[in-house]
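Below you'll find a set of structures to go through.
Look at the two complexes coming up: chain A is in both, with chain B in one and chain C in the other.
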Partner chain A sequence: MNRNYLFLTLIMLVLAVGLLFFHAQNKPKQVPPDKLLWDIIQPTRYVSTDNVAKWIIEKDPSIELIDVRGADEYKAFSLPNAINVPLDSLITTSGSEYFGIPGVRVVLFANDDILSDQAWVLLRRLGFKDNYVMKGGLNRWFETIIKPQKPPESDPKTAFELYEFRKGASLYFTGAKVSTSSKVSKAKVVFKRRKKVTVASGGC
Partner chain B sequence: MHVHELNPKKTLVVLLIFVAVIITGFLTMTKPLLTYHKDMKQSLQTLKDKNAFFYPYQLADVINNKNKDVVLIDIRNKFAFSRGHIPGAKSISAFGLTNKENVERLKDYKKNGITVVLYGKNQLQANGPWMLFRETGFNNVRILLGGYDYYLAHKNNLAETKSDNSYIKGIPRYDFAKVAKASVSVSEKEQKSNVRKPLVIRRRKKAVVASGGC
Partner chain C sequence: MDLITLKNIKMGPLIPNGIITGDWNFVIAILVGIAFGFILEASGFSSSRNIVGTFYGYNFVVLRVFFTAVIVAMVGLLYFGYFGWINLSQIFILPAFWPSMLLGGVIMGFGFLMGGFCPGTSFTAISIGKIDGLVFTAGLYLGIFMFSESFPLFKDFYNSGNLGHVTLTDVTGISASWFAFAFVIIALTAFWITMLIEKKVRKKITEYKF
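Now for the complex of A and B:
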């Protein structure tokens, strides 16, 4: 064998090994910073308390609720069927097994939205997608779903329809726990519409 | 006979050029502008670090130029910035935060020990970019608690906000367990009538149809 070829083959091998080493240092599993910032800027990760209420009431099977507060706060109160993964344990192997499941959309929530947003950023850096943040957290949950505010008279019809939905949802989450409660809220809306008709016909 | 034996010199030259290209590729490979300096655990720790926050009452000294070691960066879009911003703030919309010019500028600030305070409409908007810069090694980047909205509401008495805590996020505003239960006990009577209501409604429906037909 020609000595030159041997020499060149050795150089090739060294370069190949060097390439492997270089890649290992880069930790390709994590999302690079500039891509992460691009994802951070998108507002698509925020879902409203109304969205979450609807998903719970409809028993949407693709939704997973994850409470990122501490265990004590979770035990005191949390959303129905929510799982507790405190922020600190998010990055452990046992904590991260709730994420990245194909077909499952995870909704992160906390008292406000800062903690859940931070959880989202950390999870995104690790490469997990399909996570969402409930905007306003449980504070907003109580202000919109549990104790909804009646909109002022000047608001458009859609605001009143939303208020009706929220009143029904409030009953679902605090009153009746049977599944017929979803029928209650639906029937209630229909009932109110008919009421208006009777008023009109009564006035003729 | 193989080609490399027919023309050994040519083959050698080609192979040498190939190797040279690979080596120069390695040497001139552009390092990414931003790399992570903190691993996941350290990033978590940063979220609790009080030195990573900037409080509204600290703005007073920055605005009246007493504190020259702080630079304010408004990450909202240019339109929002033009409608009103904290005096002295620079506008860098979130999209442009990681372009080369800004990263170089941040590196300069870091070298000169200048604190960079990011703020958005509220703490939530600036949260992501702040985390990112902290994780990529810019320990001089802080986030303004309360964001621009809080500043706007309190800009005439910033010093007094030291005793106010309303801009601190993550605190439950209601006793969740109590309020949820209270609604249950109050509506226990309603609960029975709620369960009955479906029947009532259906009856009403028929009544409506009847009166409409009269």
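Now for the complex of A and C:
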């Protein structure tokens, strides 16, 4: 019997055994489609801007704010203590270290819901849990927290309580003084920033 | 913004991903064809005795060559896919029409055994000047002509039982690498067992020439 045959047989055997090993690594851990769909339609995956504002004010340590917009937009404006993980760097190893930390709730936000929803689905498919999307994104943030609208007189009491909270939060985030009349100039600065963000969001 | 920048990664298949143009199709076909013919001839497939020997049990070179080709391609593709050199989901998979394929396989097996060639090896036989290869090829073209002319009769059967572009992984649920592993083990076992069978059978054959 030819010794070459034995040699080739062994090579082939080693290669075949190798297949089994790398398969275990290479198989992407993915959530099954039906489960993913179920998770996507759950309204509990959204958090309101009011909740986020509350957590920031209370300095809740279990909250991790992730800004999924590009680095330029992040530099221009972002929420306090937010981490910038652009959507296209989510799947790289450098981006994924912020996710899947036990006991930490990740809140994703962008100018609106689109980018953060995409990021949410990506993260869910990668198997990370406890991710939330800030409903309405930074646009809603400006509408509700920074520049809250006074509810009409006919609204229930809870609407006014919410308005009071938002006014307080607005003062917290804009750094304005309590006096209502003198903070007009501050509010103008904020308004300019909002414009910038909306322009960028139109391009998405 | 690109969600995933896979577009920038250069990987096979070469033509669908635009790494080389479709004009290369025929060049590659000719090169692969030459290589295929060379391997067939070099493995001794131009000899009918080698080919039908599998049936009579004195020569399993056909089984060994084709199994080698299959397991090398199988394992190689899986490794290429793992290293990101080729996108396995872009590879064309022939649709499976199981009843017609089953019957076609039986007919081809009989043809193989009676004629002593398969379509490919009949051409390599001609290239080394074998008259039986020439006759076989004439019959092959006659068969193609007859089949084409009578195709409307078989049309329904020909197109029946379409399973689509399925792989064994789709049908059985066994993952590709486990399947490849099992297949390699079966093939390697077959190689050694057939060598033993050949030894035994050839002892009884007094006259043996390829």
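Just so it is clear, the second predicted complex is superposed on the first by the 148 of 204 C-alpha atoms of A that agree within 3 Å, B and C clash if a C-alpha of one lies under 4 Å from a C-alpha of the other, contacts with A are read in each partner's own complex, and residues count from 1 in each chain.
One rule holds in what follows: a residue touches a chain if its C-beta (ideal position, glycine included) is under 8 Å from a C-beta of that chain, and two chains touch if they have at least 3 such contacts.
Values in this document were obtained by computation on a predicted structure and should not be read as measured data.
Measured by the number of chain A residues touched, the leading partner among chain B and chain C is B. After overlaying the two complexes on the shared chain, residue contacts for A:L138 are found with chain B alone; chain C is out of touch.
In the superposition on chain A, A:M12 makes contact with both chain B and chain C.
When the two complexes are overlaid on their common chain A, residue A:Q118 makes contact with chain B and with chain C alike. Once the two complexes are overlaid on the shared chain, A:V104 sits clear of chain B and of chain C alike. Of the two partner chains placed by the overlay, only chain C lies in contact with A:L20; chain B stays clear of it.
In the superposition on chain A, A:A82 makes contact with neither chain B nor chain C.
When both complexes are overlaid on chain A, the residue A:L162 reaches neither chain B nor chain C. By the touch criterion stated above, A:G70 is placed in contact with chain C alone, chain B being left untouched.
Looking at the shared chain after the overlay, A:L36 reaches chain B, while chain C stays out of its contact range. The residues of chain A shared by its contacts with chain B and with chain C are 5, 12, 15, 18, 22, 27, 87-88, 91, 115, 118, 122. Partner chain A is touched in their complex by these residues of chain B: 4, 8, 12, 15-16, 19, 22-23, 26, 32-36, 40-41, 43-44, 47, 94-95, 97-98, 123-124, 127-129, 131-132, 135-136, 169-174, 176-177, 179-180, 183-184, 187, 190-191, 194-195, 197-198, 201-202, 204-205, 208, 211-212.
Across the complex, chain C is touched by residues 1, 5, 9, 12-13, 15-20, 22-23, 26-27, 70, 86-88, 91, 115, 118, 122, 204 of chain A.
If you check the complex, the residues on chain C that touch chain A are 1-5, 71-72, 75, 78-79, 82, 175-178, 180-181, 184-185, 188, 191-192, 195.
Residues of chain A touching chain B in their complex: 2, 4-5, 8, 11-12, 15, 18, 22, 27, 30, 32-34, 36-37, 40-41, 73, 76-77, 87-88, 90-91, 110-115, 117-118, 121-122, 125-126, 138-139, 142, 146-147, 170-171, 173-176, 178, 180-181, 183-184, 187-188, 190-191, 194, 197-198, 201-202.
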